[in-house]
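The letters A, B, C and D name the chains in turn, as written, and every chain counts its residues from 1.
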Amino acid sequence: MAILRKKIDIQSDPNTGFGVNSENSRGRFYNRTTGSANVVKRGVNVLNRYSWYHTMLAMPRAKFLLFLLMAYIIVNLFFAGIYYMIGIDHLAGVHQGSVVKNFTEVFFFSAQTFTTVGYGRISPVGFLASSVSTFEAFLGLLSFALATGLFYGRFSRPRAFLSFSHNALIAPYKGGAALMFRMAPYKNNLLSEAEVKINLAMQIEENGKMMNRFYNLDLEISKINALALSWTIVHPIDEKSPLYNFNYTDMINAKIEALVFVKAFDEVFSNTVVQRFSYIASEIIWGARFKIMYHADNQKDRTILDLNKLNDYEKVELLSPVAAQ
Amino acid sequence: MAILRKKIDIQSDPNTGFGVNSENSRGRFYNRTTGSANVVKRGVNVLNRYSWYHTMLAMPRAKFLLFLLMAYIIVNLFFAGIYYMIGIDHLAGVHQGSVVKNFTEVFFFSAQTFTTVGYGRISPVGFLASSVSTFEAFLGLLSFALATGLFYGRFSRPRAFLSFSHNALIAPYKGGAALMFRMAPYKNNLLSEAEVKINLAMQIEENGKMMNRFYNLDLEISKINALALSWTIVHPIDEKSPLYNFNYTDMINAKIEALVFVKAFDEVFSNTVVQRFSYIASEIIWGARFKIMYHADNQKDRTILDLNKLNDYEKVELLSPVAAQ
Amino acid sequence: MAILRKKIDIQSDPNTGFGVNSENSRGRFYNRTTGSANVVKRGVNVLNRYSWYHTMLAMPRAKFLLFLLMAYIIVNLFFAGIYYMIGIDHLAGVHQGSVVKNFTEVFFFSAQTFTTVGYGRISPVGFLASSVSTFEAFLGLLSFALATGLFYGRFSRPRAFLSFSHNALIAPYKGGAALMFRMAPYKNNLLSEAEVKINLAMQIEENGKMMNRFYNLDLEISKINALALSWTIVHPIDEKSPLYNFNYTDMINAKIEALVFVKAFDEVFSNTVVQRFSYIASEIIWGARFKIMYHADNQKDRTILDLNKLNDYEKVELLSPVAAQ
Amino acid sequence: MAILRKKIDIQSDPNTGFGVNSENSRGRFYNRTTGSANVVKRGVNVLNRYSWYHTMLAMPRAKFLLFLLMAYIIVNLFFAGIYYMIGIDHLAGVHQGSVVKNFTEVFFFSAQTFTTVGYGRISPVGFLASSVSTFEAFLGLLSFALATGLFYGRFSRPRAFLSFSHNALIAPYKGGAALMFRMAPYKNNLLSEAEVKINLAMQIEENGKMMNRFYNLDLEISKINALALSWTIVHPIDEKSPLYNFNYTDMINAKIEALVFVKAFDEVFSNTVVQRFSYIASEIIWGARFKIMYHADNQKDRTILDLNKLNDYEKVELLSPVAAQ
């Protein structure tokens, strides 16, 4: 394999936090959609394995709202059951009827208690029913206190809201070539002091064993004052690059993955935000360059950033042979 | 044009995040009032384009409160409509009358449910009306949970609360001249470790093409321990300055814009805060110096900072010719 | 004056944020209790001068609770007035009586609406009273949303909870002397990576004019890994110290003030916290050393930190003359 | 004792924040479970000694919920007492009976007021009962505002969620030996830019007095980009190590304690998190190495991290004598 014919002289980075033994740790390192590491944990019981708050924060909005609604219905079914067992006579004002009708009445009484709306048409009489409703109203308020916290936690959670180009390119650059990709903020947030790090993972045979190696890629510009427009990240493929003398087949064989880590300061949240992304070999276009994605709006004296064009590129001939066979 | 007669030898800063091609990116870079970049995004649908939380945080207070009130009325009109369609007979205690009166009654019942005030004069009877009111009370509590989060998010949002002098000045400085402006905190917050960066944008013709160039300006003092009084930022116009040998016409022709970025630690919020501001050529006074804006209050043994004087300057002759024609 | 007989050769620090002209800026720089700068702002109207959220956060607890209670009563008096003007007939269930009794009834109805307790004995009838109560319930919920945010903002506000020794000492140190003071955390919080900066302010006559000069004091140790016990900050008075060759009278004449700034990471809040303190000449004891304030508890195998001893010192003879007359 | 036969030439670290005199400060420095310093504070009264918010945050979940429930019951007992003293006649709708039954009724009325459920079967009549219930509803809402803040504070509190191996090992390393231990994140949080510092505490006799000395240990890798898998921290025991030439008895005699401090950025909380841990001599295994704790899941193309194996090690012969007798 191509990767065995060459020697990569540059120093690999031991600080990535991923395992070096390819037997034990293989495949894509980052999940492309979520940016989280492709690691499964064993040996922790379910209760400890998840931070339920992290889970609640990461849950899609619709699922989160449905979860709340389900919890609301289940809690009320539970309390309705208790009131029903205590006996419908302990709830004054119930319009009695069939079993179903009676259960429906106590269910609605439960909901009116849990939400503290307490119309009062139905009201508890006697120690048992009163005690349960006293506890339910307390539980209701605490539940909504919790929901308040979750809502706030969800929407105040600082996120970078960055879109990445679908492909990375091997593009012409100063008489040679460079690995490039670009990103742009897609919401009305304001990022400053953005900083990007790229770590290139590859599998190399060392002493007859497949090893994972990680290389920090030098970037033309790795810090930017304000991330107002799109930002094209450029890694020049020169002698100091682990991709030097690689061709497309080498990239595929070495199963390279460019691990992207972006850190910035969000000026609305006043907080640091981070985002991860990754490109594997098959997502890298050999010989292409990005088309410009912004232009001036003359009337409005503003710059237009067209996010539809984020991944727009044109195929080009590389000026010099990047990889010698 | 003047700008073509001179060569700026110092290194421009490629890390500003703004485009270098003047054809594509022109006009004022920062919006002066909000400090945000003059960029419009296209190609994202409305739902994804805005972080509604960012929007809610940035909305003026009156507009925000009006928005809440409107939402409250609309939600109640909606639920009133549903109750009305279910039939007014399913709400016990309604004082029936004309269509308008009936609708009014269900509207108020809806409001009493949504806010969970639940007086109980009107109360739902039967499965449908009870179900809707059960859901409405739930929705009401979640809405106020959301409002709680928004309120907190709004007033706990760390902001710098800095006022900037309306004008920047070209003022006498150590036998030469310097670009100066000043700022002062106008609220009872306490900023420490304040840091300022100025980036000077200008349009220069290079190879027959108008390019945007950005230069980091050296400052006499760029960090300050505590921002207790006003702070005058001073950029000496010496050989290392991109403004060296400029005259007023050059500034106008080069469409210069001084992009100001302030970062500080707010001791009440215990958080980093940032603020942006910018001065374009027409906002720079040629030959002026700021008047002192604080004085001692002898009785009280305190320093008085008069924010009305933030922009007070007097015209002066520049000691040496800054710009040779 | 003594201060004129000597020349301080070391570089003063221009980055303090305080004015250098003693005519305009004099007296104690930091307020000793709050640690805030002794500056009064003018020229901002009352609405803009205060961040009401900052004010609410900084308010003592009792005052804050009283403020809430007062606001609650005033709001209810206001709405009671409106209901009374609409007419008591529009509130069903009111036990009518004297003017006072009637007003009391509407006041309580208002409170029941504002808190959404809504017993329902009294309930609004007709468009006007219902509309007002609909709005009041809405306002009530928003008010408590606001209160929730304030409560959370108050108790989640990261603070350093540090006690400082009442006096700073000029103590024997390595055959010479050093300026020392100490501090200790007094609550069950955990501070790590604590960092201290001291800035010495003094008034010096330069060219016949009294100027404020500020000097960064070199510290024996300025960073500490964990602030678990007390921490004695030591500034050796050697040739590099602005206090070199000073005697007690010099300190008084120069109106010195040691401005202390502490920054640390609180591990419970997971946030940076800062605190300020200052010592003026009359608070500095000439020739004393601190007594040790912690000891081992043999049974418990723990260290006992006695905060009562924070300021305990004993008078000592300085080993060498620090100040030559 | 062994510790007296050798001279440790390397520089000790004076910045740990712990006392150097072993008479005054001895025993384990860090509490192993909580990671907090083994220090007891005296001389602060109970009200000031604890930050109740810190206490509430650190309290176990079950205890916290029980605390809230108890507070709810006590508050209602208190108000029930007041209503009972005012007289049960001032509460319309009470089903009167025995003293116990009456008290039960006012207790439930109190709960219905405090939670603002306000069914209205029982409602206050007259100035006194109405006033008290007005205040109670107000107090109720504030209490739940407080609870909301506490809930949010508790679950939004950034924590590292790291598990440490129970033992540290003296393991073979590059022909010599190294002190090693490992850690792994056990929840679904994502830590980046993790950084570890180890400080080695030991007791040494100096001038006939037992002193605490602290040494920063050099680490093979002290920063890691992403803490996705387990991380083995390695301190090579070479000439620069304070453990150089130590044997097991020396470690015990010197009462060494390795103080571990981890700092990382949590990408879900978007906040810095820290965690502390420590190993004393008896928790260090002489001559052992860790077994690998992760492997590839071929089907799923993911890495499996088995947290049960966190402390799995095998005894090995050290390759060279670490300690000479």
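The rule is short, and it goes like this: a contact is a pair of C-beta atoms (placed from the backbone, for glycine too) under 8 Å apart; a residue touches a chain by one contact, two chains touch by 3 or more.
Given the structure is predicted, the values throughout are model-derived calculations rather than measurements.
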Copy pair subunit A, subunit B: interface residue numbering same or different (half cut): different
Distance between the centres, which are taken as Cα means, of subunit C and subunit A, whole angstrom: 39
Cα-centroid distance, subunit A relative to subunit D, in whole angstrom: 28
Two or more partner chains touched - positions in subunit D: 112, 116-120, 148, 152, 271
Touch-based graph of the chains, sorted into line, ring, star, complete or other: complete
Sites on subunit B touched by subunit A in the complex: 13-19, 21, 23-29, 36-44, 48-55, 57-58, 92, 112-113, 116-120, 122-125, 127, 130-131, 133-134, 137-138, 140-142, 145-146, 148-149, 152-153, 157-159, 197, 199, 261, 269, 271-274, 276
Subunit D-touching residues of subunit B, taken from the complex the two chains share: 116, 118-120, 148
Footprint of subunit D on subunit C - complex, ascending: 68-69, 72, 76, 95, 104, 108, 111-112, 115-121, 144, 147-148, 151-152, 155-156, 161, 186-190, 192, 194, 221, 223-229, 231, 265, 267-268, 270-271, 292, 294-297, 300-310
